[in-house]
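Both complexes below contain subunit A, partnered by subunit B and then by subunit C.
Now for the complex of A and B:
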């Protein structure tokens, strides 16, 4: 039996205000993005992302999300918004202290189906700037049709990456 | 080559147990691991299944270095939260092994356990029953807030409530 989780691309962000990861194989219905040890050079900054089309981030105000925020310091929160220009990975600022980082899994749907909106599910685990654990479980969409070929991650206020490993996989549907 | 690669499995074949450990299972050629847990129930002893990590010397870490946030989903009641900023284990990422034949099961992702300089993060979802046939689910995030190399993982409960067939399986995400 052949492999069903196919690594398509990997990047390591060490600097710069954006981290872009794209794929060229458009044969998959489902893509899986996994990232770990994503860190910022400035305390208390949120991490966001957009979908890319032909390598260029779509910053139209057509993003919408609904997520459940798990947190250890207080009651969990339902989060959501419409008409956004990006999707959030977290909403409490990322930290720069020892060990503080953001990690997660994102499944992407309909990126090659130009007749349907593009969707993602998100599972995030992170420490914020005062070492509070936050989790993010939910979904988002770009409410506009078109082909997508990846993701652009960026920090609030154009802060810069200091680390971050991003891998994108395709889920193979043939034997 | 597959990007989801089997690393190791342990299975309890000796009857009732209180803990099951899997060791030397996080080689540093991987940054992220996927853990499958099946905690079978001994008879009708319903006990919660908790998780601890194992350090570089093979010792189970029971210091107050675990933080987590957990949502318990309940089919017959409102959902509830269990959180801690300082605990000696992760509380029920796989839920509770319940009245036989209702095991605690789930998938847990570990981020960067092999690194000596990073905290180890986890994401998990679990499912089991509540002792009267109602489903319990868990959505779980956690951090082991000590920068050290993690070499293994232990599930544990009380009263020897896990039975033969309990197993842990580790995959590396390449």
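Now for the complex of A and C:
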């Protein structure tokens, strides 16, 4: 069996407080979101995201996550929470200096399954506002059944994007 | 003195109002927030302020503590020098981090 990535949508966020990327092709079991060079206009801001249903971000307090935060300057940390209104991409505060950007891969599961919770796995790297390197690996879920059709990323305190390329793919299976 | 959740939410509401118009990128199209987006932004900011006030010290302390290896070395020297008390660098360094990043009262 071979597989391939089918590009469904791509956006470049150079302004705005939120970046919303959706897909309309619901034939895939698994979706893959890749984002790179995501930057903010304000120092020390966290990036978060929500799932969208029919294009609208679900901000219910039903998100849960469990991740391992890897860092070069200090001890690694297990992080997790329930009853959240979004999922975090980082928690140390991204900066605006040279190279202080965030990049990552997110796999999305059950987004077309109306009878199951929606899950994601995350693999993210970033430099924070004092140029400390972080790795962020783990998973999250929206603990509410329903179909989702994309993601909405947003900065802490409604800070604005200055750059960021977001691509969403369907993970195609061919036998 | 810590603020109430309601006070922090009022601050958040005012900050979002003062920031209008806030724009969003929806599938590549940049448009202004809708009313529901503004309400979500206010709620988010109010919660951020609350979380930072109540629990921000945890992250701040974590970022400020010496590396575990350095702490163990200070502890070893304190024991080795018969100074395992409040005069040791181990105690004083960690106490300073706690004092610099107090729990909200």
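Some points to look at:
Everything below uses one rule, namely that the second predicted complex is superposed on the first by the 171 of 175 C-alpha atoms of A that agree within 3 Å, B and C clash if a C-alpha of one lies under 4 Å from a C-alpha of the other, contacts with A are read in each partner's own complex, and residues count from 1 in each chain.
What we mean here is this: a residue touches a chain if its C-beta (ideal position, glycine included) is under 8 Å from a C-beta of that chain, and two chains touch if they have at least 3 such contacts.
On a predicted model such as this, the values are computed, not experimentally measured, just so you know.
Partners subunit B and subunit C fit side by side in the overlay (superposition on subunit A). Judged by the touch definition given at the top, the superposed model places A:161 against subunit C, while subunit B stays out of reach.
Within the superposed three-chain model, A:75 lies in touch with subunit B and with subunit C [touch as defined at top].
When the two structures are aligned on the shared chain, A:116 is found in touch with neither subunit B nor subunit C. Legend: residue contacts after superposition of the two complexes on their common chain; A:19 is shown touching subunit C, with no touch to subunit B. When the shared chain is aligned, subunit B comes close enough to touch A:99, but subunit C does not.
Contacts of A:5 after superposition on the shared chain: subunit B is touched, whereas subunit C is not. In the superposition on chain A, A:125 makes contact with subunit B only, while subunit C stays out of contact range.
Judged by the touch definition given at the top, the superposed model places A:169 against subunit B, while subunit C stays out of reach. Once both structures are fitted onto chain A, a short way to say it is that subunit B and subunit C open up an angle of 100° at subunit A, using Cα centres and rounding to the nearest 10. Least inter-chain distance for subunit B and subunit C in the combined superposition, rounded to the nearest angstrom, is 12, based on C-alpha atoms.
In the superposition on chain A, the residues of subunit A contacted by subunit B and by subunit C overlap at 75. Note for the complex: subunit B touches subunit A at residues 1-4, 31-32, 67-71, 81, 83-85, 109, 111-112, 118-119, 121-123, 139-143, 145-147, 173-174.
Against subunit A, in their complex, subunit C makes its touches with residues 15-16, 19, 22-28, 30, 33, 36-37, 40-41, 43-45, 47-48, 59, 62-63, 65, 67-68. Residue ranges of subunit A in contact with subunit B, taken from their complex: 3-7, 34, 36-37, 68, 70-73, 75-76, 98-101, 103-105, 123-127, 131-135, 137, 165, 167, 169.
Across the complex, subunit C is touched by residues 9-13, 15-22, 55-57, 59, 74-75, 77, 85-86, 91-92, 154, 156-158, 160-161 of subunit A.
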